[in-house]
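Quick notes on the structure that follows.
We just call them A, B, C and D in the order they show up, numbering each chain from 1.
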Amino acid sequence: MSNYETYLLAGVAVPFVSFFILMLFGPRIGKPLSGWLAVAAMATCCVLGTLTLVGWLGEVDSGTAAELTAAAGESQFHWADIGSVPIKVGVNLDSLTVIMFFMVTFIATWIFVFSIGYMAGHSDEVDGKSKYHRFFCYLSLFGFSMLGLVISSNLLFLFIFWELVGLCSYLLIGFYFDKKFASNAAMKAFITNRVGDFGFIFGLMMVYFFLGTLDLDGAAAAFADQYASGTGLFDPSFTINVLGWHVSGPMMATLMGIGLFCGAMGKSAQFPLQVWLPDAMAGPTPVSALIHAATMVAAGVYLVARVYRLLTPDAQLFIAGVGCITLTAMALIAIVQTDIKKCLAYSTLSQLGYMIFGLGMGAWIAALFHLMTHAFFKAMMFLGSGQVIEGCHHEQDMRKMGGLIRKMPVTGVTFLIGVLAIAGFGIPSMNLGLGGYFSKDEILAVAWDRAGIGGEGHHSDQDGHHAAASGATAFDLVSDSHEAHNGDDRVAGHALATDDADHAGVLKLMFWCALITAYVTPFYMMRCWWLTFMGKPRDQQVHDHAHESPMMYVPLVVLAIFTVVSSYALFRPLIADAAPALTDAVLVTAYDGHADDANHAKGALINLHGAHDWLFWGVGWSWAIMFLVAIVIYRNGVGLGSKLKSAFSPIATLLEKKYYFDEIYDFMFVRGCRLLASISAFWDTYVVDGIIASLTSKATERFSAFAGRGVDANIVDGVFNGMAVTAFDLSNLFRSPHTGRIRNYVLFTAGAAAVAILLLLFFDPVPDAQAILTSAGG
Amino acid sequence: MIAPKQLVRSIALLTTIATFVLSLWLIGPFLGAGSADAAGMIDIFGSSYGEKLHFVQRADWITSKNFTIEYFVGVDGLNMPLMVLTSFVGLLACLASWNFESWKVNKGIKGYFALFLLLETGMLGTFVALDFFLFYIFWEIMLLPMYFLIGVWGGARKEYAAIKFFLFTLAGSVLMLVGLVAMFFYSSEAVTRYASLATSYRPDVGVLTTGTFDLIELATNQAIQTYFNATDTYFLAKGLQFAPLMFMFLFVGFAVKLPAFPVHTWLPDAHVEAPTPISMILAGVLLKMGGYGFLRLCYPIFPAGGHHWAYCLACIGVISILYGALCAMAQTDFKKLVAYSSISHMGYVLLGVAVMTDAGVQGAMFQMIAHGISSPMCFFLVGVIYDRAHHREINRFGGLWLSMPKYGTMATIGFFASLGLPGMCGFIGELWVLLGVFAARDTFTWAVPMAILAASGVILTAGYILWLIQRVYLGPSKPEHAKFPEVTGREMLILVPLAALCVLFGILPKHLLFDFTNGTLDLIVKTMAAAPERFGSLAAGL
Amino acid sequence: MLTIGLMHYLVLSAAIFCCGIFVMITKRNAIGILIGVELVLNSVNVNFIAFDRYSQQPGFDGQITALFVIVLAAAEAAVAVAICMNLYKNINTIDVDRGDALHG
Amino acid sequence: MLAAIELSWYPSLAELGWFAPELALVGTIVVILVAPLILGRSGLRSARIAFAGALVTLLLSVRLVEQVGGGGISGLAPESAAGMLILDKLTILFKIILMLFLTGVTALWVLGSSEKEENGEEFFVLMIGSALGMALMTSTLNLLMMAVAIEAASLPSYAIAGFDKRNRKSAEASVKYVIFGGVSVAIMLYGISLLYGMYHTLNVAIIAQGVANDLAAGQNTVLISMSLFCVLGGIAFKIAAVPFHFWCPDVFEGAKIEVTAWLSVASKAAALVLLLRLVDAFNIGAMVAGHSILTYNGLAWGLGVLAAISCTWGNFAAYRQSNVKRLLAYSSIAHAGYMMMLATIFTLPGTTTSGKPMAALMIYLIVYAVMNLGVFTVAAIVSWQTKSEDIGAFSGLGRRAPWLAVPMVCCLVSLVGLPPFGGFIAKYWLLLALGSKMAETSLAPLSWILIIVVVINTLISLFFYFRIIRTMFLSDDQLPALSPPFLGTAMANLCAVLLLLFGVVLINEPKELADRYTGDMYKPTVVLTSKDVPINAPGDMQVARSVDESDAMQIPALGGAQ
């Protein structure tokens, strides 16, 4: 076991210890101390994560990383057997893990710090009992689960931690569970995620059965092997009969991918399971920042990235489609939001849509890169919003804010950095920019290529591509990024290649949607920022109370710095380093013969805007245009905005109602389910019990009543009383000849005797005695 | 009359503690018997099954010139965990009975604990008996104490519930009695007919010449197996094949206990009316007898019957899962909800064994144990709040977490375990069963739809449990709950071990259970799997 | 000229038997019912004697049996009449339909 | 017949010794009758004498076991092979059971009536008289003897049913009993007369051969069916099988509880043993006549249907009863139905299973006697102390008299037939006996149907038995506590303990006992070829002659029926 594994395992264990201590002794540890305990634990993790990251960068440089990865795969814990297939779990030690680990611990640490300040303001005294320690207890549990998720080498364990983070999310959304909306939101989040997990379980099943293992690498290897050798799923004769519907192997493989992706749909709140995330903002703001913006919701993206090698082109197309719908639809909703946190939530949804879209489109590196950058700036923005809300005494409505920049300069500035990052701020010709400028726009560029808008030839044209040296810094590579991005594109965009022509229309449509959304994003973000921080204060009372506290803005500053740093350094090279191993599925070769492309473009930070002439203008400056538009509209507060809204009132209403998803789901599923439940219960009480138990229940009831002890009359089958001939009625039937009159007795006996004799005479009881004799004897 | 109440309780507690400690002794021989060991035991029809039994006790009990009924007990991977579970739940239930004086019906403490211990005897006996006759005796012995425990110390409709419980179980077991008699005579016919195959697994017997009640013999003797599962062995009339019919006779008895749709209706009533400790035992142990019966009797002895009814049973399992969950969702009585959730959870057991794949059977076994841990906990949680509120209306609760934080935490653990949260015990069984169903796709056309339906039960379960938690534990604290005392030390003493096990079983399924059980389960699965080949068309399904 | 043979006796006996049964079913008076029983017993006697008389086998088991039946009938009548008296003492009638306190 | 017997012949003392138990009973009767003349009237003394008489009979019976060899003895010399009475181990066992039960009932009587009773002498005379009749019922294969024995058992029963003279119900009960009994016996005698007419004999062994021949040939089926049904009717009356059961609930309800207890077991037991003996004789008859026992399929089905209807009827009708004695009457009808099923087992003599039905019956009878005695003891004590026979009188008995309630539960659960009590084991042997026919005859389906009927009836019967349990434990009308007499409590508990022992420990012993006593019951394989030559020496243990040696076997046809 290498040091890195030890670090990572220790990093997982530390928050658990913290959780355990806080669970047992939380109330005794008391208010500030339990928070600091959690912070200390998470900081320890962060240190471990940093150590790992730094060390790992060196390993990557020296080329020994692959050996370490392989070695980590060897030492695994035999956890259980499913049937006769062993389930082993270990640390998935590779660049992606390392970088995710660092990202999670780093952000979490600062958010924990922020939380101490935040929770100090929330007294949370209910019934004389503080929930303070419980908050940090849950946060620690979340840290444990999320880190476990990141390092698991086994899909099943990934799933287990996956659910645990879901549990933490549930507990933290419902942290103010004395509020109805909070507990509702928590339940909604958990159940919606369960729907996704339903698919995930099926994905797991198929992986388990068709690939014979739940180990991530093992499954991918088996998948590639099956493809190469034409066995298993790729055996032409493979078919599964599902109610007469014969499913072929590739189809099954697609379903497998989609199943796994269902889990991601739930966790990353992709259409149509997006409904829970905005409601999840009911939780404390640090939770929104940590779980529902930076880390947990990104787990879906992480999952898709992890199982990327199992995805068929069709599955990828599906994923891209879902991502595209999400990113577009959610961005539009964000325009009309007035709640600052909701606005950020929809922007999160949209950005997650981008990531998923990117993965579906083949922009593996870009999507993960976007995950990283997004994590920093979105966490920062949420914390900023928390600062605002806290400062404004729990006012979340942006329409009542305005002009806060004077009262909260640090918050305002850092928030603006976030806005710039998400909007894709950058100067195209200078390779200067923030976060989204590199990551989001790269996704767009890949989509552009895939849609074939930039002209044919990228896919087959290998010659111009050259390998960007692995581990190269971003700045070194800027110059030759034109070609580099093509290579990069190749790395991830392999699988859909042959199908691209078939789906050209769809791909084009998706690209345009994503592009338009790239224009929407700066607009609503600037709207949000402007309404909050600029202009005149619209509610003087709120404005007067506004303040900010150092405990809370230190994390903002740190995250702002990292927003800038993450755009350039550290992350992309490592992601690119992980890319070949995690994406070079055999399908690359299979579908377009460009397996070698996988070796290209390692760690390149590309100037997409320079590479694609059209994108230079089309995307590169989108932020500027839309910022202007937003400022123009909202410079004087909401007045013009609401006029516009009334002008487009049907659309605005549709958006405000979030396309009526909640209502539809409530009607279809919640009410439908409850109706079904009521029917079942009714059925059970009156029909099943009525029929099955009518003999027993009625008789019991009657004899209870008979003995003078009335059991309540509507015992079981009040409605179906007349349905069955009950034992009791039978009893009456049998009793009826006993009239007490001897003559009747004699008559009855004589009659019965006569009948019996007649029967004996004319009815042979055993017509075919011999046949039965033989049959009974076998 | 003489014994003071304290003494009565203490004796009962000491007895249960002693039983529990002794039952731990049973684990001994299984330690170190990992799956690697079990993999070597592939000889299905040979003697290995018998040799793997530990703590075997044999004594002739009823002897006749044609047969011997033995006092034959032994422990293998199938019943060892259930024995430990029984004694464990018995111990906790005894602790839960400690506040006997504060019950609504608080007379007759001696009778209560005497019947309680008698019940435990019956349960342990059922699990440990390896002679069908002995098994049946113990099976029936349980009935009477349970009847009284529900009927005397129960709630408002206790009489109804008690007799209903009794009647349903007895209805199942009388059919088992027919099976008992028939199996004896057919086995004696078998050993005469196929004398050359009738080698017993017991060296001291050699070739079997008489009918038998020995469950291991019935399952392993080739002559008996061949005759029982033959297509042309009839019962009652030509055309009624022996194996399917007998399988059904036995199955009905066990399905009632399980309980499977549609013979489950006794369960909600019995649970609602039973006192808390009895509910714990009912849910924790009694229901497991159904599943145990499948694995001990139905499938090993009539594998062809199992194949014959596979679809039917799997469908019943799926229906139980969904139906139980839906019914649970509609309940407003806290305890009834938990009772229906038991039906739903035990549906997985039926489904798991019905598909006859190794993962399915392992999952069923795990689900039994997991449910045996989580459901007593849930019932005890209900009992805790019932002791304080004296009602169980879900909608009248709310905000209990605020009033009783420790209780809320424990409830969360218990209900999330019941929900099947990964990392807790409920998850493993369900996942394994689902995988098992999926694995049966080659033989079951309906396997995939069934797996989908069964898996959708997971969502329903999450729905009703979360809704329950929301209504009971979340929300603003109600003034009438404010005076509720926090869970006492005694109650924590019951809840904490259960909570710990809920988590531990979720984390270490292999080391806590599968290592002990898989060897035996493998044998059973292999017997099942070999059936179509050995017994031909009868086992080919519907 | 009609020869009286076994068949005649049997028919007679059957007729008496039926009369007896009829009486038992229709009479409400306990003594009447007892008379019905006596009629049946007498039909039995007729049978036995007739079978014995017309049998080609040696022996007279039938006649002995008839004697036994007469004795049994007498014993039974004695007991029955005593019991009827007891009934009369209790309910002042021997109408058996009145004795329906025991039923169901 | 008579001609063959020398007038100078007298039975030897040794031969009379075989008759000792019956003689002892007669002696007891005489002593009870004479004692008051000398010592003055005392019910208690009569009870003691009866008790002693029963014990003496018991001892004499036990002593006979050694003398009776395999195959048993029928009649005295020189008609020893075809006598009117049979002495074999079965009859001895039956007498032992009967006497034990008699002592139990006597004890019950002593419990309830010792002080105030003025007619103790008459009571015991009648009861022992009926016991004598029952003893005779089980030891004959002669139709005349059978009729006489049934009457001997019945007539005293009629009287003791109405023994509570000032009780209207009692009077009514006895009237119904006597009338119903009279009718049944009359009908039975009519059937006997028809059989006599057809086969010119009263010996069942020979009649059975004739019937088998006729049925095989398809002759006389109407007459045979009718006459057999009439004979069966007489026996069914004693068994109280449907549809000859009407007297049973009424009589049980009206009679005193000791009488009810006595009738519920003894008279039914005797009739059942008789029935099984007859069926056995018919089996053997068929075999001797060289026919398959399948000839009697119809009879078996008839009996089986009757039995099935009986137990179902009894159990269902018991549902709504509120009088405990009446409830137990229906219960006894049901149990008689179970036992009657054993009569459907037609087995070939000589096979290993031949003894089984009778053995199963004897086990069932033993257990049934114990559990009924227990139940009646408790019911009697409760009814005496509360002056009520209603089920409500049991309310809260668990609190009022736990030492009565607990044995009552044991007995009732045993009556249901659940482990771990004797009732289950008895039912279990019964089911095994029924099932044992699987590969032997075409009646296997019938047997399995009957088995299923039994188990389903177990379920049905649960209700009314548990109603008593429920009343005792689950409800409480706050009635005052009882002060049960020690003897009664002891008796009830003894019964419960015995049942538990039968259910758990002494499982083999009754079976072995029953096997030993029934295994070599009298087999009427012997056919007289000549009236005056005895084929067997008295007491000879050898089975007489094989079938093919029975030359010139003449089956008298329906003579003279032109």
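In this text, a residue touches a chain if its C-beta (ideal position, glycine included) is under 8 Å from a C-beta of that chain, and two chains touch if they have at least 3 such contacts.
Everything numeric in this text was worked out from a predicted model, so none of it was measured.
Colleague: Using each chain's Cα centroid, which is most distant from the centroid of chain D?
Modeller: A
Colleague: Quick one: name the chains whose C-beta contact count is the highest of any pair.
Modeller: Comparing chain pairs, contacts are most numerous for A-B.
Colleague: Please report how many Å separate the Cα centroid of chain B from that of chain D, as a whole number.
Modeller: Once rounded, the distance between the two centres reads 44 Å.
Colleague: So what's the Cα centroid distance for chain C and chain D, whole Å?
Modeller: The separation of the two C-alpha centroids amounts to 26 Å.
Colleague: Please report how many Å separate the Cα centroid of chain B from that of chain C, as a whole number.
Modeller: 65
Colleague: Can you compute the centre-to-centre distance for chain A and chain B, using the mean CA position of each chain? Integer Å is fine.
Modeller: About 36 Å, centre to centre.
Colleague: Chain A: which residues touch two or more other chains?
Modeller: Those would be 700, 709, 735, 738, 740, 742, 746, 772, 776-777.
Colleague: Which chain C residues reach two or more other chains?
Modeller: 24, 33, 96, 99-104
Colleague: For chain B, what residues touch not just one other chain but two or more?
Modeller: In chain B, residues 159, 163, 167, 189, 235-237 touch at least two other chains, as defined above.
Colleague: Can you name every chain pair that touches?
Modeller: Contact pairs between chains: A-B, A-C, A-D, B-D, C-D.
Colleague: State the interface residues of chain A toward chain D in the complex, per the touch definition above.
Modeller: Touching chain D from chain A are residues 699-700, 703, 706-709, 727-728, 730-735, 737-738, 740, 742, 745-746, 748-749, 752-753, 756-757, 760-761, 764-766, 769-770, 772-773, 776-777.
Colleague: What residues of chain C sit close enough to touch chain D in their complex?
Modeller: Residues 5-7, 10, 13, 17, 20, 24, 30, 33-34, 36-37, 40-41, 43-44, 47-48, 50-51, 54-59, 61-62, 64-65, 68-69, 72, 75-76, 79-80, 82-84, 86-87, 89-91, 96, 99-104.
Colleague: For a test of understanding, state which residues of chain D touch chain B in their complex under the given definition.
Modeller: Listed in rising order, the residues are 352, 398-399, 409, 413, 418-420, 424, 428, 431-432, 434-436, 438-439, 445, 448-449, 451-452, 455-456, 458-459, 462-463, 466, 469-470, 473-475, 507-508, 511.
Colleague: Residues of chain D touching chain A in their complex?
Modeller: The contact residues of chain D facing chain A are 175-176, 179-180, 183-184, 187, 221-222, 225-226, 229, 233, 242-244, 246-247, 249-250, 294, 297-298, 301-302, 305-306, 313, 316-320, 322, 391-392, 395, 438-439, 441-446, 460, 463-464, 467, 470-471, 475.
Colleague: Across the complex, what residues on chain C touch chain A?
Modeller: Touching chain A: residues 21, 24-28, 33, 96-97, 99-104 of chain C.
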